[in-house]
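In what comes next, subunit A is part of two complexes: it sits with subunit B in the first one and with subunit C in the second one.
Now for the complex of A and B:
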């Protein structure tokens, strides 16, 4: 892997910017890779779409914009529609079946990970879905260990939700590992 | 202003990534501009240097990397050394005299805003210096109002520190307004 590009996409309030930040920090801190993490906002994003991007590379990153995604996390149908064309051939698509009912097909691997409903049913609230998704991504890509990721999750979430986020990460990792089997 | 580039630089733990995130969100939410906010991490950043960047534009941003800075916030001498060459002619340099003892001179406007010491003396802790710096930047650049900025600061800081951060923002705005007079 010389360069690996990830896009976390969904709607505002789903914690995708936090997810990108945590993932970028964890990879930078626990591997020897270079990482650039970007979020873009525009007048068009007022509607509620939200995304963040992480580029990971063995070399310094001179072009931080995504060119062809290795992994697209899409929590909503809108985000599939908007970003799927950026996914490279043979890339990884992770969808949340709660938000993505029409599953696209094509020359990529698709994993359906119920992050929203698992968060809701196991932890009582949907808001841990972003961290659950990180766990799944770790299990599927093996870019980073669950322990390294956890050490970046905890300082980035409110204290009273640390235990829930720790559980969400483990749940996501388990779902991802099962899906990747 | 068609494109405005800002770099927030200093050392790890000074909250510069949070500052960039808050500033980017606030501008995107309260103006009609497009915003890209980026943080880069690399093996070299382990030493403790930290920076984040915000690019603001009237047009969609196709090149999110900074090319020539309009504003450099530098909280440490190291960050002055590292990023000053990116500041454009006539640009704005904001330094924290706590960390920057050797003040550079050149074809740019320099403002010395004691963010660390003001945070420490007025609020009891140095950690609010990042938000204080945002207040100063708002006053100096007039890119965004203090009210708009405040509405993005509060949800991005721990609940128990909201009031301190609100005060820090106001203190920074006052220092910035005085410096810009």
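Now for the complex of A and C:
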């Protein structure tokens, strides 16, 4: 694998940077691949745009930012608009239909994973959407096992919500596996 | 949240550059941090606040960055390895104390995580615009040691190096990452046997009442200054002083003191320097960079027939090595996220022996490899 590039994007407060950190950590600590995770945000602590990027490679990674995305996770319409042009031909687009009403079309494979609504209905709050998305990404790309991902999710979330997050990860994995069929 | 610091030897972590700095500071023996939070350095303060109280150290958030460095200097002269961390606006505030630490020869490490400037600038975006300020920000004739990491691993290693150099040469050391390296996560394996240097102490049987703290009887020009609280009677002042530590404005004392401060650093150049040159045979162009820009330069240089030069020690500047490089290539391209700062030093050192070109972008984004590739192609055409 020369470079596999993932961008987790959405609005500030949706946990995209945490998602990037968790994903990068899972790959870094459970595989022999080189991993770099970077992030970008404005000065606002909520709202605005937020993204984190993970680059995975068999070789040492020099340039740590994304060049041409293999996978774009976009939870809001704004983030689709901003980052879709970075997605390579034949890449993977994962959108959340709650935030992305106008689904773009093009030379990429689109998966619509309802992470926000599933989080609300199954777990009572929308806040687990980012973890659901991670589960879906694991199922769709098969880059990392759900067990490895779980071992990275749990220490990075508040202890009293670990069970909810574990459920979110499993639910997301299921959604992703269904969509990938 | 797992308490992250300090890691055990051989433990592998996936952590932020700023977190690696905290790991390394603790490993180097740092037991005092005073600072004021400022993006993108705040994770260092947060990490030190978590780590220090658990290992008998002290963390204090001071009222501003001036007081922070003041507290660090005070802690250091009492025997603690001390750290502060900030970004552009705070670094500007610290300049007077940096000069104070340089003249009084009190060890300390100052981290400045570079962000967009000037002024409040771009708090969450990277730049490399503080390079010449790190060299000359404080007034007067002072030498400077300035280190620049280009990866999480290097940030760890250079933090250790910063403390060691600061202790050995009794001087402030500035660690100058940029926001990209500070906020990038990479794998870090905690090393096993880290070499730690502690400041020299006066011999046991010495006359404590009449001790001359700034006397130098060794070739390395480094005085053996006691710590406060160990029974020695001496003075420390930011005025030019003789070897008793009391003020003097005698011309011969002034000249010799300033010369000694510079000689002290020059004599240690072998340990202080940090430059890696990879020059394939026949390469007519070399790309020189530091910090996150080096990552982009390395990506661009891959598969191009060019030399690649990484600086991890910006100052003292590698005059001799750059001159040697300029003798071997036709063009040196200097890549930095500013409008041209270190390039002036490269031009000076190269002394006209090679063309010097710059890739200078200061738009809050990491310079891309494509832009550097274009410049390489343009320079290769011209040679």
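One rule holds in what follows: the second predicted complex is superposed on the first by the 175 of 181 C-alpha atoms of A that agree within 3 Å, B and C clash if a C-alpha of one lies under 4 Å from a C-alpha of the other, contacts with A are read in each partner's own complex, and residues count from 1 in each chain.
Keep in mind that, in the parts below, a residue touches a chain if its C-beta (ideal position, glycine included) is under 8 Å from a C-beta of that chain, and two chains touch if they have at least 3 such contacts.
As the structure is a prediction and not an experimental result, all values here were calculated from the model.
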Subject >> Dominant toucher of subunit A (residue count), subunit B or subunit C >> reply: B
**OP:** Report for A:34: first if it touches subunit B alone, second if subunit C alone, otherwise both or neither.
**Re:** both
**OP:** Name the contact category of A:25: first (subunit B only), second (subunit C only), both, or neither.
**Re:** both
**OP:** Could you tell me if A:155 is touching subunit B, subunit C, both of them or neither one (first, second, both, neither)?
**Re:** second
Original post:
Do subunit B and subunit C touch any of the same residues on subunit A, and if so, which?
Top reply: 21, 24-25, 28-29, 34-43, 62-65, 158
**OP:** Name, in rising order, each residue of subunit C that touches subunit A in their complex.
**Re:** 1-2, 12, 14, 39, 123-124, 180, 183-187, 292, 295-296, 298-299, 302, 366, 368-369
Subject >> subunit A-touching residues of subunit B, taken from the complex the two chains share >> reply: 17, 21, 24-25, 27-29, 32-43, 45-46, 60-65, 158-159
**OP:** Over in the complex, which subunit A residues touch subunit C? Could you list them?
**Re:** 21, 24-25, 28-29, 34-43, 62-65, 67, 155-156, 158
